[in-house]
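In what comes next, subunit A is part of two complexes: it sits with subunit B in the first one and with subunit C in the second one.
Moving on to the complex of A and B:
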């Protein structure tokens, strides 16, 4: 019966659950889904990670290339993010040019990485005006079940932490590059911005919504924090939100961010331990 | 998303307009060679210009960056013009797609301003074969009520003339770009001001209307676009549509357009001067005309509403329980999992088999 009721009256179905402070998947309103991180998932990439938030799965591979810098910023490298939402991840997406959601997510994640200052593009410079690193970060969604921005940001940050770049010697006089692949060094990550998405449903705020909940909600809110500081808020339209509720969401994100950062660090140290054993 | 079609003009409307033209009247009461009211306005930033011609509105913004010069012209800067048609201007415009109108407008503006060498491109060079300034002008159509091209060309010129690029100095190998605060910004050198002037042709080129509205454009047989500067030099001539026109008429239009062009250029120069004076006095009030426009009253009420807009208190504002506890467990081989802690309270609840089924089906 529940199935038929849900397809006939989806809003009523959710309202009945939420009035009891519970969600159809058994979570409380303010409960997060389990998060799994795996790093070094792609052996051929220079840095990679896979993240699952509930059923949402995204994978990120970072490829480094050498290129000349822009004349405007001769001592800065590049970080080019691209989020792909292929038809594989959800029936909502069609093959062809990137959907609006994919473009919005790409832009949001790219802006956030640059504005939060978590990496310094000057670190990617090898020889000023001549040679810099260009990092291509391709984020591909394998399964879309809500909170795509959270997953993309988490996977990108984790992948950036695993990037190992070889040491390059450049002789400008004869334009010769010598790449020493035996010595690899990490990229400096200065801070870790992490985000949490909330969905507004009538007078309730649902933490970490699934696709179904996102679709039925009257608006979404993404809060990004770094080092216990607010970094960005993304609220694309929807119903208005009271100030207190916003503060609650921010506090909740700050608390959850600690856990996520511990999670990333645990995964990274696990990987390092393994490498030592080998 | 729904696709909007361009508004069709009915035969009755066409006949009505043409019949009126025979009686020497236009729907808005203008004379045949009369133009609509023009206003030019500048924003806070350099090179931000808002032009309205009747109800047609256009916003132009100039931006610059340092680039490598084109290999064919090593000592010249780059100027690119980019007309943007989005659904804001007219519902049938599609964003992010090159329509024919956009390509035509882009090309005519390029012919008018770029190919007539109105902007001194060599002064935009920083170092030959290495660094030049690349200017990009984005022209956004905010409202389409006919004669987009005139409006866009005025906005383009005024924005270019208003824009100032940051100063650059060379220190041996290095190029230092000084910010606006550090050093006075540099104006762009503009040799002459070519503006586009559009005429709509009716009845095989015998009736010529200046500054056509959207409806008139739709009914017209053809349109004659002239790019003319204040020295009465023709920079562009574009005759689009299907009408024959004898040379005498074209010459007549050209001399009328030349007169209009010199008026427009004087107008642009006066407005630029006024803006300069305001900036010298330290008042950088962007978009002056908005404040004096008819919209002032509604803006005031809106502010009042916004002031009184307070946070709505919800009745059942139950405090959210903090359940941020979770455990991080390493799984080995570079994996880790974050599990939320299960509450062992009364709310603990497992989906029944029925719901499981519905979950898997949905």
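Moving on to the complex of A and C:
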């Protein structure tokens, strides 16, 4: 019976649950879903990770290539992010060119990496004006169940922390590159931005919403923090929100961020124990 | 929090012209400093079958950059405009129809998003589409010394430590949209919010005087 009621009156269904301060999946209104991080999921990539937030699953592989830098920025490398939302992950997406959501997420995640300064593109320079690293970070969503930005940011940061780049010798006179794959170096990650998403439903704020909750909500809010500093507060429209509620969400994110950062660091350190050549 | 006196607290000059096109139901040209946009509204009009919604109007937003196809940065801008307009429009009054909002960028000298949002609100007023509330947007930038600068232009934004864009509604002055870049702390965010809220009130007054003048001209 509940199933039929849910499909006929989804809003009423959720309202009845939320009035009892519980959600259909058994979580409290302000409870986060469990997060699972796996590292080195793709052996052929230079850095990779897989993240699950509840049922949302994203995988990220980072490929490093050598290329000449841009003339206007001769000592900076590149980090090119791309978020893919294939038709496999949700019925909302169709095959063909990237959907609007995929483009928006790509841009938002790329902006965040740039704004937070977690990676210095100058570290990717090998020889000024001649040779730099270009990192392609491909993030693919396998299961879309809400909070896609959170998952993408988490997986990208984790994958970046696992990147191992070989040492490259470059002889400019004869344009010869010698790659020493036996010595691999980590990338410097200066800080770890992490985000959490909230959905507004009538006068309630739902933490870490699933796709269903995102769809019935009247607006989303994504808060990104790094080292107790704010990195972005992104509310792309939706119903108006009072300032007190906004600040509550920010505080909640700051508290939750410690947990996520600990999780990333634990996963990365375990990986480092496995291959000591870092 | 007190804001230092050496802060630029004035907005760039805002000018607008209503109803300059005949085909759209509402149109506006708005310039904020050197930044300028044109917005046209069609609606409620017939909806394409695949976009039909049985309980409300579907809101379509098209952001056209000055030249070329919209890129992914334009898509982000478009999504904010879409969500803001969708929240404000009383779309339940027009089931099985669509409201089309076309935003044409004319010149971008910083602050294109706030300018486009304000233009959308004026154009919707000009079209006479039913809305739940009006909305106004203001932006501010933060320099390296921690001074705020209201309505920054592109020269300031190049060196700014952070920039903030806020959209407020006219009834409870609640926050509809927030978009930030750069890093900042909570106190700075709160000051920026207060500063922009004051500026947004000025924009609501501007709407009122513009519409008043427009109606007077018609009589």
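Side notes on the structure shown:
Convention: the second predicted complex is superposed on the first by the 275 of 278 C-alpha atoms of A that agree within 3 Å, B and C clash if a C-alpha of one lies under 4 Å from a C-alpha of the other, contacts with A are read in each partner's own complex, and residues count from 1 in each chain.
Just so we're on the same page, a residue touches a chain if its C-beta (ideal position, glycine included) is under 8 Å from a C-beta of that chain, and two chains touch if they have at least 3 such contacts.
Everything numeric in this text was worked out from a predicted model, so none of it was measured.
On the superposed subunit A, the two partners subunit B and subunit C do not both fit; they clash.
After superposition on the shared chain, subunit A has more residues touched by B, the comparison being subunit B against subunit C. By the touch criterion stated above, A:171 is placed in contact with neither subunit B nor subunit C. Residue contacts after overlaying the shared chain place A:242 against subunit B and subunit C alike. In the superposition on chain A, A:65 contacts neither subunit B nor subunit C. When both complexes are overlaid on chain A, the residue A:24 reaches subunit B alone and has no touch with subunit C. Once the two complexes are overlaid on the shared chain, A:252 sits against subunit B while remaining clear of subunit C.
After overlaying the two complexes on the shared chain, residue contacts for A:226 are found with subunit C alone; subunit B is out of touch.
Once the two complexes are overlaid on the shared chain, A:16 sits clear of subunit B and of subunit C alike.
Overlay on chain A, subunit B versus subunit C, candidates 200-208, 236-244, 272-280 or 290-298: the clashing stretch is 290-298. With the contact threshold set out at the top, residues 240, 242-243 of subunit A are in contact with subunit B in one structure and with subunit C in the other. Residues 65-68, 130-131, 173-175, 177, 311-317, 320-324, 326, 328, 330-340, 343, 347, 349-351, 354-355, 357-359, 361-362 of subunit B are the ones touching subunit A in the complex. Those residues of subunit C that touch subunit A in the complex are listed here as 72-73, 75-76, 78-80, 82-87, 133, 167-169, 171-172, 174-186, 189-190, 193. Chain contact summary for the complex, subunit A toward subunit B: residues 1-3, 6-7, 21-22, 24-26, 28-41, 70-72, 74, 129, 203, 205, 212, 240, 242-244, 248, 252, 255-256, 259-260, 262-264, 266-268, 270-271, 274. Those residues of subunit A whose C-beta lies close enough to touch subunit C in the complex are 100, 103-104, 106-108, 111, 115-117, 218-219, 221, 226, 228-243, 246-247, 250.
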